[in-house]
Amino acid sequence: MTYSTNEMMTVAAARRLGNGSVCFVGIGLPSKAANLARLTHAPDVVLIYESGPIGAKPSVLPLSIGDGELAETADTVVPTGEIFRYWLQGGRIDVGFLGAAQVDKYGNINTTVIGDYHKPKVRLPGAGGAPEIAGSAKKVLIILKQSHRTFVDKLAFITSVGHGEGGDHRKRLGLPGAGPVAIITDLCIMEPEAGTHEFIVTALHPGVTREQVIENTGWQIRFADQLAVTEAPTETELVALRDLEARTAAAHGQLGGEE
Amino acid sequence: MTYSTNEMMTVAAARRLGNGSVCFVGIGLPSKAANLARLTHAPDVVLIYESGPIGAKPSVLPLSIGDGELAETADTVVPTGEIFRYWLQGGRIDVGFLGAAQVDKYGNINTTVIGDYHKPKVRLPGAGGAPEIAGSAKKVLIILKQSHRTFVDKLAFITSVGHGEGGDHRKRLGLPGAGPVAIITDLCIMEPEAGTHEFIVTALHPGVTREQVIENTGWQIRFADQLAVTEAPTETELVALRDLEARTAAAHGQLGGEE
Amino acid sequence: MAEILTLREAVQRFVNDGDTVALEGFTHLIPTAASHELIRQGKKDLTLVRMTPDLVYDLLIGAGCAKKLIFSWGGNPGVGSLHRLRDAVEKGWPQPLEIEEHSHADLANAYVAGASGLPFAVLRAYAGSDLPKVNPLIKSVTCPFTGEVLAAVPSVRPDVTVIHAQKADRKGNVLIQGILGVQKEAALAAKRAIVTVEEIVDDLKAPMNACVLPTWALAAVCLVPGGAHPSYAHGYSERDNRFYQDWDPIARSRESFTAWIDAFIRGTADFSEYKAKLAAQEAK
Amino acid sequence: MAEILTLREAVQRFVNDGDTVALEGFTHLIPTAASHELIRQGKKDLTLVRMTPDLVYDLLIGAGCAKKLIFSWGGNPGVGSLHRLRDAVEKGWPQPLEIEEHSHADLANAYVAGASGLPFAVLRAYAGSDLPKVNPLIKSVTCPFTGEVLAAVPSVRPDVTVIHAQKADRKGNVLIQGILGVQKEAALAAKRAIVTVEEIVDDLKAPMNACVLPTWALAAVCLVPGGAHPSYAHGYSERDNRFYQDWDPIARSRESFTAWIDAFIRGTADFSEYKAKLAAQEAK
C-alpha cells in the first residue's frame, strides 16, 4: 500500500509505545499515534490525558484534550490537579508523548514564543502540561514534522527541557525522568547519542535521503554509524490508521486535532 | 420534665450551634450535641466529619467517626485529606466542636498524655483532628464533663491550643480562627474573659452551686459579674435527645459513642 | 447558602471592576455565558485567571474588560491563535494586557493551594525551563528533610470564580460530572463562587463520592442552559466544533470582532436571546 | 498490572521483614485480614503507619511484628485503650515500640504528598501545640511570597500499603465507595499496594468520577470477603460493634491475647477459616 509521509510518522511513533505502558498523551499528533498503538500492537497501553481521564479508549480521535468520549471510555476521570500531582509527579507515567512547535539538538522544546519574549515575532500558545511531562515522565517521545523552522539550532525559549545543554546536564538539573528518547518526524527517527545526548538520525524512513534530512534541520545534523531504514507501514497499521481517521471525520466532521 | 446533668450539658452545647452554621464534629459528645441541634433549632446546620462526609444527617448517632449512615445521608463524601485541606484549612468551618480529656483555664486541650510524655502515667489516644480544628475553625466549642481531673491548672501536654498563655497569645501564634468561645460542662458554661482570655463561668446550670463548680475545677475558677442560670432543657429538647438516644440504642445495641 | 439568581443579578452583585476573576472549565463546561454577561455589564480592569484562555477570554480581552491575564496555554484549541489575545499583547488593543505565564501543573497546583487556604504551592517543576526567567513569581523552596529544591508558586485566590455545571438542586447544591478540570478547586479558592447550570432539579441523585459543591460554599447559582457553548456539558450537549473554527475569522480583525460582539453580545439582553440570535443566523 | 493472588501469596511476595507498612481504612474498610496474615507469616520489625491504629495494629503490635508506630490517634474507638499498644510502649512487651506521633491533618497531608511524589507536605498546623516538641520530624517552612511560617512534615512513602475495597474487576481495577479515608493516597504513596476485596466482578460499573485504582498502579488484588471485619464494607457488611467491645478483655492481658491469637490467627490457615472459627465460637 502506498502511504504519506505523515502516515509514516504516525505509524513510526505509534510503534515506540510498548503494550501496557502508561502514556501521558498530548493532543494532536501524539494522541493520534498513541491511539493507533492502542488499536494495533498495544491494546493494553494506558492513555492518560491532562484533563483527567485515566485509561481512555476513544473510538475516534478527540478534538480537544477534554472530549466527552475520553471520559466515557476511561477507567476513571479525576480532577486535573490530581493528574499532575498523583499520576505525573507521583512518578507513574512511563511515556510522555509530546508535540512541539520547535526542538533543538538536545530535544529541548519551545512552545512559547519565537523572537524575544517581550516583543515576540510569533506568540505560541505556551507551556500547557509539557514542562512537567518533560521533567517527570520516565521517558519522553516527541513527534513533529521536520523543517528548518521546527528543528532549530538555538531555541528562542526553552519551554520544556530535554537534555538541556547536553551531556549530563539533565541529570545535574535533578530531573527524575530520562528525558526524550526519540524524536519521530515525517522524515526520520532521531535518538540521543550516548554521552553527548545530542539527537542524531538513527533511522531514515523509506525513500528519504540524508540530504533531505540535512536540508530540513536547522543544526548540523549527524547520522548514526548504523543507520537503519524504518520499516514501511504495514497494511494492518495503515488500515487501522485510516479507519481511525475516517471514524473521526464521520463523528466530528473534521480530522482529529493536528494543531 | 426531670433531666440528668449529662442531658443538660448536651442541650446547652446544642444551643450554641447556630442554624446554617458549618460545624466540624468530633465523635462522642460533640456529635450528640450537634445532631441534637440539627433535630431541634438548627435544621440547616451542616455537619462535617473528618472521615469525609459533608452535610451528614444521620437518624441515629454514629458509633464511629466513619459510620456508613454518615456517608449515606451526606451531600457528598470526600477523601479525608480533602476534609482537612479544602474544608478545614480552607477556612470554611464556622464551628469546631471538640471533646477533650483535659482542659486548662485558657481552653488548651490535652488528649495525648498525663504525666511525662516519655514515661506516661496515662497514655491517651493522641491528637486526631483536634490541633488543626482548634487552629483553623472560625470558633471552637468544647464539651466535657467537669471534674478536678479534667479541668486542670497546668496541662502535662498541650495537644490542641486554645488561647495559649492567655491575653493575645493566640493572635501572636498567627492562628486564623478565634479559638474556643465556650466550654460547656455538666455543671456550667464557661466563656473567655475579654482581655485575659481566661475561662470564667458565665452561666450555672439550674440547681448547680458555685461551690460545686469550684470543687470540680483544678484552677481558681472565677465567675462573671453577671452570672446567668442556664435555661433548663425544654420538653422539645429532651424528647428530641431521648428519641435520638433510643433510636441509636435500637440501631446499634449501644449508646452513641461517649468516649 | 447560594442564592438562586439570574446570571445578570449574580454578575452585578458579585463581580466588581478590578476583581481577579477565574472562569474555569477544561475544554468541558466552559462558562461562556458568564463571559458574555461580564461584557454586557462593561466590567473593567479585571485580572483574568484561567489555565486555557480560549474563546471565553478572547472575548473578554477584545471587549476591553481585562488588564492582566494569568494563564498556562493560550490558543483556540484545534484551530490556532487567539487573535484578540495576541492583538492586546502585541499591539495594546483595545488596551495593554499584562501577562503572567505558568505551566498547567503550576496553575493546577496553585488552585489546589488556594482551595486549601495555603499561600503557596510546592511542586517539582520548571527545572531547565525558561519560564522562571520571565515570571518572577516562580520561586523555589527547599525540602527541610531531603534538601531537594522544588518550585514554589503563589496560590490562586480569585475574588470571583465562575464555573458551569450540569445541575443544581433547589437549595443550590451543585453536581459536576465527567471531565472535572480544576473547577472545584477554583470555586473553593475564590472569595465568591458563581455557578451556571444546565438545569435545576429537586434531587441531584449524586453518587456517594461524586463532585458536589455544597450550596453554602457558593455565592450564587444561575440557570443558564447551554451556557457552556461552544464547549459541551456532558449528558446535555455536544461540543460545537464548527463554532471554534468560525471564531477564527470573526476574531481576526478588530472590526469584525467589534461588529460581532455589538450584534451578538451587547445587542442581546441575555444568553437565551444570544442563543436565539445565533441559531437564527446559522439557519440562514 | 495487579496480579490476582491469594492474600497469603501477596503477603509472602510483597511484604519483607523491616518494611514500612501502612494498613489504611478510616473506620470503614479496615484491612484486618491482612493484619492476620502478617501475623501468620511472622513478619518482623515492621514500621507501621496508620492514622488510627485500632484493633488492626493492636494485633500486630501484640504479636511482635512491629518495631515502630507512626500514627495520629490510637484507641479502640468507642471502647477505650489499645492494651497491646500501651503494653509495648510502657513495658516493652513483647518488644519495645518506638512511636512517632502526628495529627490527622498532618498524616493525611503526608499521604497526599507521598502520592504526589513530593518529599514533604506543607500545612497550617501545630502552632501552640506541644507535638513538635516531642516529634522532631515536625519542622517548618516559610512562604516565599507572604513570609508566613507553616508546618512542614515528611511525606509518607510506605514500602507496602494494604487496603480493603468493595470490588475489583478481573483485570484488577479496584472500586472504593463510601467513606474513602486516605486509602487512595496511601496506595499511591506506596512502592507496592495490595488490595483485598469483597468480590471480583466482570464489570465494576463505576460512576464516571468514582474512586477507582487502576490495576497497573497496584501490585496485587486478593479476594477476601469480610476482610474488613469488625469494621464494615459499605454495601456488603455492617460494623460489628460487639467485636470492638469484646476485644477489650481479650487484649487486656498478655495471656488472654496470646491465647486468642494462637487459637484464632496462628491456629487458622487463612481468613475464611478464621471467620468460620469465630462464627462457631459466637454460636456457642
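The chains carry the letters A, B, C and D, assigned in the order they are written, with residues numbered from 1 in each.
One rule holds for everything that comes next: a contact is a pair of C-beta atoms (placed from the backbone, for glycine too) under 8 Å apart; a residue touches a chain by one contact, two chains touch by 3 or more.
Computed from a predicted structure; not experimentally measured.
K.L.:
Work out which chains are contact partners of both chain A and chain D.
P.N.:
Touching chain A and chain D alike, sorted by label: C.
K.L.:
Chains shared as neighbours by chain A and chain C?
P.N.:
D
K.L.:
Just going by residue numbers, which of A-C, B-D or B-C has an interface where over half the contact pairs are the same as at A-D?
P.N.:
When the residue numbers line up for over half the pairs, the pair is B-C.
K.L.:
From the C-alpha centre of chain B to that of chain D, how far is it in Å?
P.N.:
So the centre of chain B lies 28 Å away from the centre of chain D.
K.L.:
Please tell me the distance, in whole Å, between the geometric centres of chain B and chain C computed from their C-alpha atoms.
P.N.:
Chain centres of chain B and chain C, defined by C-alpha means, are spaced 41 Å apart.
K.L.:
Report, in whole Å, the distance between the mean C-alpha point of chain A and the mean C-alpha point of chain B.
P.N.:
Roughly 57 Å, centre to centre.
K.L.:
What are the residues of chain D that contact at least two other chains?
P.N.:
Where chain D meets two or more other chains at a single residue, that happens at 112, 117-118, 123-124, 148, 178, 180, 185, 208-211.
K.L.:
Where in chain A do residues touch two or more of the other chains?
P.N.:
Only 71, 77-78, 85, 89, 136, 176 qualify.
K.L.:
By the touch definition up top, name every chain pair that qualifies.
P.N.:
Touching chain pairs, listed by label, come out as A-C, A-D, B-C, B-D, C-D.
K.L.:
Help me check something: in the complex, which residues belonging to chain D touch chain B?
P.N.:
26-28, 51-52, 71-75, 77-81, 86, 89-90, 101-105, 108-109, 111-112, 123-131, 134, 148-149, 178-182, 184-185, 211, 232, 234, 238-239, 241-242, 245
K.L.:
In their shared complex, at which residues does chain C touch chain D?
P.N.:
It is residues 117-120, 122-124, 137, 139-141, 143-146, 148, 150, 152, 154, 177-178, 180, 207-211 of chain C that touch chain D.
K.L.:
Considering the complex alone, what residue numbers of chain A touch chain C?
P.N.:
It comes out as residues 27, 50-53, 63-68, 70-71, 77-81, 83-85, 88-89, 108, 112, 117-118, 120, 123, 125-132, 135-136, 157-161, 164, 169-170, 173-176, 252-254, 257, 259.
K.L.:
Contact residues on chain A for chain D in the complex?
P.N.:
Interface residues on the chain A side: 20, 22, 44, 46, 54-55, 71-72, 74-78, 85-86, 89-92, 136, 176.
K.L.:
Write out the stretch or stretches of chain C touching chain B in their complex.
P.N.:
1, 112, 115-118, 173, 185, 188, 206, 208-212, 214, 216-217
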